[in-house]
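If you scroll down you'll find the structure; I have some questions about it.
Each chain gets a letter, A, B, C and D, in the order it is written, and its residues are counted from 1.
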Amino acid sequence: MSETITGAELERAGAALAAESARFAGLGWMRGTSGNLSVALRSDPLRLAVTASGRDKGLLRAEDVVVVDADGAAVPDQPRPDQRPSAEAGLHARIARVAGAGAVVHVHVLAPVLAAERWPGGVVLRDLEMLKGLGRGAHDDVVTVPVVANSQDMTWLGDRFEDGFDPATPALIVARHGVYVWGDDLEQARHRAECLEWLVSFTLAANQAGHI
Amino acid sequence: MSETITGAELERAGAALAAESARFAGLGWMRGTSGNLSVALRSDPLRLAVTASGRDKGLLRAEDVVVVDADGAAVPDQPRPDQRPSAEAGLHARIARVAGAGAVVHVHVLAPVLAAERWPGGVVLRDLEMLKGLGRGAHDDVVTVPVVANSQDMTWLGDRFEDGFDPATPALIVARHGVYVWGDDLEQARHRAECLEWLVSFTLAANQAGHI
Amino acid sequence: MSETITGAELERAGAALAAESARFAGLGWMRGTSGNLSVALRSDPLRLAVTASGRDKGLLRAEDVVVVDADGAAVPDQPRPDQRPSAEAGLHARIARVAGAGAVVHVHVLAPVLAAERWPGGVVLRDLEMLKGLGRGAHDDVVTVPVVANSQDMTWLGDRFEDGFDPATPALIVARHGVYVWGDDLEQARHRAECLEWLVSFTLAANQAGHI
Amino acid sequence: MSETITGAELERAGAALAAESARFAGLGWMRGTSGNLSVALRSDPLRLAVTASGRDKGLLRAEDVVVVDADGAAVPDQPRPDQRPSAEAGLHARIARVAGAGAVVHVHVLAPVLAAERWPGGVVLRDLEMLKGLGRGAHDDVVTVPVVANSQDMTWLGDRFEDGFDPATPALIVARHGVYVWGDDLEQARHRAECLEWLVSFTLAANQAGHI
């Protein structure tokens, strides 16, 4: 694959990002214009296709996408110079870099944000079959999803992410904000986001009922 | 733009209102024939296109729309003289006038009505990323969504709205009734309604769990 | 309109019943093959078109309909003699007769059944705008939705319904079972069912939170 | 029907499994790639068509299906030798064999898994009309849905299933995992899964509210 990202390549990535965004919007996880998704196009130097900022995520088009670099900044000379990346593209890029992720989804789903209120030091998930959906074990495995405080400073957030990074745990909760989940590709990242939501919803409900 | 509202102009507005109504109905926020949406067509004198009264909001047609004036009364000589505005058009018009809103959505979504029972003096939202969806700050900003008692008297309701009006807060909860949310256009008004629902759902759940 | 119900007339009624059934199934209010809907075809003698028994309510066809009499029994010489009415058709017919309803919907929606556990003597709804969706007042009106015990004896159930019947209240909760809601036509009956669900969900949640 | 399973026969089964999977995925009961469905093709020797492992259940195709034997192992010389069955196919086959089921659905629906935390010895359902959807009585019948601990050993799980098997109860909850529900065909199995979810949701909520 050449270093230059062509318009056709970016449009394919944009169409995939738009389709996944519409799906998340249908789940109610991208209310308003919240959340953003990214997929890696190149690893060295890192280039990500990120959903453009400020759009209705249920109505995104293949062209609502922008190429960013390893700092989340829009690269010059790109096929969609008219689009603006979200500030959060900086954290997408950091996660892609540190975790080697091929795709990152950031959605404002309620359960993990509530769980971060309950467990601000990290949300512990264990002994649940659905953990296999995160690439972990259904037994004899303790998964702690890190929780970091919210911030508008993506470098600070990225540092906090790195502080708590465990290569075996493909998720990060930003308190009072939302969740980042990643994987090898967009489908795996979405599957993991879906599983995380189930796991955290179960754990919260079981805790509130006094079972755990 | 001329002062006369043409049938074609009104039909375009009606189609947009019908599409947004169907979306809200799909969310379960316009049960029965409840709720209504409006969009400003002229500012001086004020003219709003409002969804017609008594219709299934999931099945609204572009022609189910009526033009009202600054008091919410149907104007004479309009393209759709056969349609009747809701009594609530009076509050839509008042909000459009006072807040300078381009669109107002009124939906019967459960969370804010429950929050008004909990906090009848106003629902306080703070330290939440989603506040940016209301045009406010994710940090160091306290948003109090006003709560007013329910009434069938739109002038009284409008006065109460004005009493508590803060130009920075584009929402009003009518206790035991529903919510009004507004913005520059229909899409922004809907985005804000979606964000408000998330913010209030989170705040209620976190409060019930004892976190705030 | 002649006394004879033609195949074409019944098919029109069946198509309307199928469309409404699919809508309720989409809401999750007709799980399995539960629930049934009816619409009056003649008033004297009473003839109802009722959804056929044992079918998936999300996949009902226009021909999945049967004509019943004032006792809920399939009439002889009808266009769809191959279809079997539900036993519950007896209660549909009783409600149509006593309340003069043009349509009756019976759905297994969770909130009213939970409310019947909380308030077995009747579910009181008051001071809520959505009450207008039941044809009642948003203020200065107290609506008590009757609750009757579950039974497989439709005559007994019908007697209990008549015992508590108030012409101003178009709904009946059958404890540990579901709800009957009626109106002049199918659309009004559905609108009322939607409003009832909202009203009862609000009232239950507000009660559990200690507000009422 | 001949002993040989043809590609056309398997494709028909796969199309039915894909359609039901998409429906369950839409309900949120097959998050990530979780869950699997099966339908019996032959009884002696037992042959099941099972959804292939590791796929998005909302996007399954008719060819994403594999034939397994009475132990849940892929049979040689089958039309889709490229597909891999889930390990859980072993429990599907055991249930089909022991219960004589024509179809088995395994979904990760939240309510039964929460109920298993509350009632690890079995979830008791009684005096509910919806029990008829499980083939049981709405009155004077006590249904105990067995709960077994989670395991990756399908033989062990199958033994626990057999230990608690009651031919009148077509469901099994695997704690901290999900639920198996079966019936004569896929539609009946789905109907029963839907009814079980309603019954358990009601029972959990009524228990939490102190009514039962």
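Quick note on the criterion: a residue touches a chain if its C-beta (ideal position, glycine included) is under 8 Å from a C-beta of that chain, and two chains touch if they have at least 3 such contacts.
By chain, UniProt protein names: A, B, C, D = Methylthioribulose-1-phosphate dehydratase.
Every value quoted in this text rests on a predicted model; they were computed, and no experiment measured them.
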| item | value |
| --- | --- |
| Chain whose average C-alpha position is farthest from chain A's own | C |
| Same-residue or different-residue interface between chain A and chain D, half as cut-off | different |
| Between chain D and chain B, distance of the C-alpha-averaged centres to the nearest whole Å | 45 |
| Intercentroid distance (Cα basis), chain B paired with chain A, Å | 32 |
| Residues within chain A bordering two or more other chains | none |
| Contact graph of the chains (line, ring, star, complete, other) | ring |
| All pairs of touching chains, each written as two labels joined by a dash | A-B, A-D, B-C, C-D |
| In the complex, chain D residues that touch chain C | 127-130, 133, 138-139, 187, 191-192, 194-195, 197-198, 201-202, 205-206, 209, 211-212 |
| Chain A to chain B touching residues, read off their complex | 31-34, 56, 108, 110, 113-114, 117-118, 150, 152, 174, 176-178, 208 |
